[in-house]
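The following pair of complexes shares a single chain, chain A, combined with chain B in the former and chain C in the latter.
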Partner chain A sequence: MRAVSNHNKKSIARTSLIRTLLFVAAILLVGAQFDAYNQGQLAVVLILFIGVLSVTLLTGISGQLSLGQGALMAVGGYSTALLMINYKLSLWVAVPLSVISSAIAGLLLGIAAARLRGPYLAGTTLVIALAIPTIANRFMSVFKGDEGLPVDVGYPPQWFSNLFGEPGYEQWQLYVALPFAAIALFFASNILKSRTGRMWRSIRDNETATSLSGVNFSRQKIYVFVISSSFAGLSGALYGLRGLVGPSVYPVSLSLLLLTAAVLGGIRSITGAFIGTVIVVFLPDWIDLVLVNFELSEQVSNYLPALISSLLLILTVVINPAGVAGTRLHKHK
Partner chain B sequence: MNTFLAALSSGTSRGAIFALVALGLVIVWRGAGIVNFAQMGQAMFSTYIASTLITNGNSYWIAFFVALISGAVLGALLDILVMRPLSNKKQSELLSSESMRAAVPVIASLGILGVLQALAGIIWAAEERGFPAPAKQEGFTVAGNVLPFTSFDLFVVSIVTVTLIITTLFFTKTGIGLAMRATALNQEVAKLSGIRTNRTRTISWAISGAASSLAGLLITPTSNLSPNSLDLVLIVGFTAAVVGGLDSPAGAVLGGFILGMVISFVTFYSTPEDVFLAILAVLLIVLIIRPRGILGSKDARRV
Partner chain C sequence: MKNRASLSRSPRKSIAVISAALVGALALSAMPAQGASTPGVSDTEIVLGMQLPQTGLASPGYNKVDDAMRAYFDYVNSKGGVNGRKITLVAYDDEYKAGKTVTTASRLINKDKVFAMVGSVGTQTHISVIKDINRRGIPDLFVLSGYSGFYTDPKKYPTTFGSLGTYVTEAKILGKYIKENMATKNVGILYQTDDFGRNTVEGLGIAGLTFTAKKNAASFVAGTQGSGLDAQMQQLKDNNVEVVIVGAVASAFASAVASSNKIGYKPQYVVISVGSDATTFQTILGARGIPAASSAGLLAGTISASHAPSPGEADDEFVKAFKKINDEFNKGPATGKAWDNNVLQGMNIGYMMTAALMGAGKNLTRPGIINYIKNNPSKLSSAALAPLGYSATTHEAYTGFWIGKYDATAVLKPIDGTRKMWTTDSAKGPVTELKYTRPAIAADALPKVG
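Showing the complex of A and B:
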């Protein structure tokens, strides 16, 4: 029995590793073809992909709907910014440390949220998403209020430039985000296929049966929150490194954007999370491409991406709840 | 002492509005089992309609009633176009678990909120505009002293009281109200006794739409009108509904006034920035001590 499960673990890890390496290769190939603007956009895709994965794990896999992922991203962002500015740490140290701090925030949130369900959880996390950024204004001296804390990815180290040539700024953003996205992808795909993933799915599908099978489900629910918050914190840390960490960088609409991406792509699948992220990030550009031929006022073009992504969200939920990646999902169950 | 009176009066008039918002949420929750996060988006939309009518030279009262009616129509439409097809899809694999059945309508309502806000932005431009009050916003003067209670506050409190009385009578004295309470209690049994549950659901959405539009009309004179301006009101209304008990209309009113007082006293005695933390604190305290809310029934849907 033990031998079988060890073998399983190895083969799961191997599949996830191959998947991750293919992902990295594909991003590098595509990134090399892009111009600077689209490289920046691709970096945003990678960063938000990590955040969308946090929604996939929490909502899609374990069935808990949170609208507060943006607040956890803010925790990651502020931790990184404070560590980099006050302690002069390199981002390669500061970002992993802020993953720990968002995991702790997730632990606290999980303890409070483990007893909440459905709309109660959604509403409470929404209030949290609104309340957390106001802390930045409450403790001005530390968080600098609305002005925020400026941080960025800086410049590549000398050895990197010697090896691969001098990358552009957007290209460097992409290269910084890529290893973190790869680690997140590896972890998420491992969790989904492992015993833990099965346990979380069973919590989602039937709590009574799960607890009768000997699973301590409130502990597992808290555990989901910790893992999901770590993903959100990582995403938020990298998101802030685009230039600024402040309340305006992590609005409530960011939480909704992550949810939209996860649902559009397919809320139960990792592939779906990536497809959804690509859709929400590139949608404004695609709309612009179509609209060049029409004379539209700025007012219309400003709100069109939000209108279309919200319409897509409703249509997905009503017509095809499994999302873009859903067809594959049905085969796997 | 003056600060105290000012906080008390502002708390009363805000509390009345939050009570309406919470009542709107409770009606849809009881009638359809959904917390409607799009509710204040609907209210924003009908307040914009009223604002446009007034700008075009119509009287306040015409705009007022048109807004209420369009709020009701919009609510009914959303149920028919989005929520009813969604609830008919319960057989699908994604909705097979209980937790997802609760989550998916919330996601749909967030989508509706996004659509309404974007549409309002496209139609009415993004810049904020004011909205008139039908009564003076200066305090009453008694023996030379200006009281912190304005005639607009009086208008708000009395119109909300009238609305609450009408709603109570509707739910307790009319056939449709009885049918709606029966549906809220047990949908299957109600259906078997010949109540058209689809119709009562749509009526719940319409009433809730009208109630929240009224809240929108009453709150915008003291704030401003923009596509996002009522988001915070929804958060407060939700907290009020949870505090009072999500399945209890009387609880919604009580919760609304509690939240009105908390927000008002925090604003007057501390800084406005603490308001959100105070709301969060109230919400967490209630969820920990009494998760079903002050007046929520014990066997109500689990928290």
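Showing the complex of A and C:
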């Protein structure tokens, strides 16, 4: 029995690893075709993809609605910036450490959230997202208020440039984001296929039945928050490394953007998370491609991306609640 | 067991194959840097970039600057452009969200291939991109922010130049006036808790005005003024503050006045110029149901400062010329075109940018224009009534301000009738009177750099 279960674990890990490596190869190949701007956009896709995965795990798989993932991203961002500025740590050390601090934030949130449900949980998390500017200004000497903490990915190390040539700034952003996105994908893929993933799904589907089958329901809920926060923190750390960690980098709209991406793509699947992220990041550019032919005033064109993504969101919820990746998912059911 | 072994071999093999492909892909994707010709400059065109909040909470007033600037460039283009090149301005909305500013900057730099950034609006948003812009050697000209951190260390940000006096300078000048003329009054402050508000407090402190939190100093988080500043104004009223200095944006000042009005509190306001734009003030109060005539009454008597003529000074030659160009060339929406200080500032930046492009000559390069601006600030005259302060040690724009009071028609008029310019630095230097004669505008309203 033990051997079989070990074998299963291994094959899950292998499938996830293959999936991840294919993903990395695809991103590198696509990135090579892109110009600098789109490489930067692709980096944003990877960064937010990690954040959307946190929503997928929390809301899609475990059924806990959070409107404050942006706040957990801010925890990751501020941790990284403070470690890099005050302790002169390299980003390769600061980012993993900040994942730990976000996990701790998630633990605290999870302990509270284990007692909350539905709208109460959504409300609590929303308040946390709203509180960020106030916290940043209240502890001005540490968080530097609205001015924020400027950090960036800097330059690639010499050996990298020697080996692969000098990358552009956006290209380097992409290369920095890629390994982290790959690790996140690997873990998410593993969790979803494993026993833990099944337990979390069962919490979502029927709490009573889950408790009756012997799952420690409160403890699992806390685990969900810890893992999801780690993902959000990692995403926030990388998002801050684009230039600045400050309240205007992690507005409430960022939390909503993650949720939008998750729903559009398909909130219960990893593929859906990726598709959704691509849609929300590139939508303004696609709209511009179409608008180029029309002389629209800024008054109209500036509001179009928000309008269209809202429309897509409504249409998704009404017509295809499982999102773009949902069709496949339905078949599996 | 056999079955298991074969199962495990195939994925291992595929992992190896994929890994090898990865290294190949990485090598393929690392492309060499681009060639050397100056981006954004061709024989017929110069492309300039700008980012500003066109929508969102911070946008009122500022969202007019790009249309005004573009109107001036269109005017220059109608006269044949600069050295035969037409000026194109590409402006993007960053909603005053720093995460978005990074994207719009990358787009301007990499997609639109701008020659230079000009007149970008906003402090916090600009912090997120200033390092990258400077690292790439892109001229970051006439930034619309009074944050001294951008300008006082040119070694850190060599390509960045301001288009406003710093908040510290202005606060020092206003502080001196308050000290000398309102010494017997109880002076308090309302400020937003960002660099703008803090720089204001710092400048006032140098002038000898200090405040106590929760007593005569009220603050709010920038961006939250939309929900009203009732508590803050009540606090100042309860502490019998007679003079309220406002270090906050125009929408916040309007919010403060609306809140005070509700509780029958009528202090003397002294407002840093960024926050006292009359049309923005009246537009915002208008949206709250206070008609223009009443809001002009609420603004009347407010003391503020300026480095340029008031947009209401119909006799000023620059105001006259810019207004005419605005009427003819501004393609913005009706509200965006309406003549006010934002339009005047936009036109003025357009005028200075044109002068800088002329001065940098036919062989236009990025280092060329930066050197020209750094070495020839006196040739970049404009509507401003003070000279540009650019030097080897600072890239602050105007170091001089005049102090004025709003009259019943919402026009800022020199206090005591005659206009006196005051000057100082962003450090501890004294405030002294400035003697400066502004060069006249040419008949064709184009700058002459000689």
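Assume the second predicted complex is superposed on the first by the 332 of 333 C-alpha atoms of A that agree within 3 Å, B and C clash if a C-alpha of one lies under 4 Å from a C-alpha of the other, contacts with A are read in each partner's own complex, and residues count from 1 in each chain.
Rule of thumb we're sticking to: a residue touches a chain if its C-beta (ideal position, glycine included) is under 8 Å from a C-beta of that chain, and two chains touch if they have at least 3 such contacts.
Predicted model, so just to flag it, every value in this text is computed and none were measured.
Using the contact criterion defined above for the overlaid structures, shared-chain residue A:Q171 touches chain C, although it does not reach chain B.
In the superposition on chain A, A:T134 makes contact with both chain B and chain C. In the superposed model, A:I314 lies in contact with chain B only, and not with chain C. In the superposed model, A:Y303 lies in contact with both chain B and chain C. Of the two partner chains placed by the overlay, only chain B lies in contact with A:A322; chain C stays clear of it.
In the overlay built on the shared chain, the residue A:R115 is in contact with chain B alone; chain C does not reach it. The intersection of chain A residues touching chain B with those touching chain C, taken from the two complexes, comprises 134, 137, 299, 302-303. Residues of chain A touching chain B in their complex: 59, 63-65, 67, 112, 115-120, 122-124, 126-128, 130-131, 134-135, 137-138, 203-207, 252, 256, 259-260, 263, 267-268, 299-300, 302-304, 306-307, 309-311, 313-314, 317-318, 321-322, 326, 330. Chain A meets chain C in the complex at residues 7, 10-11, 14-15, 17-18, 21-22, 24-25, 28-29, 31-32, 35-37, 40-41, 44, 133-134, 137, 140, 145-148, 150, 152, 163-171, 239, 242-244, 246, 248-251, 253-254, 297-299, 302-303. Those residues of chain C lying in contact with chain A across their complex are 4, 7-8, 11-12, 14-15, 18-19, 21-22, 25-33, 54-55, 91, 93, 96-99, 101-103, 106-107, 109-111, 123-125, 127-129, 131-132, 135-136, 192-195, 198, 221-224, 333. For chain B in complex with chain A, the touching residues are 29, 34-35, 37, 82, 85-86, 89, 92-100, 102-104, 106-108, 110-115, 117-119, 121-122, 125-126, 231-232, 235, 238-239, 242, 246, 273-274, 276-277, 279-280, 283-284, 287-288, 291, 302-303.
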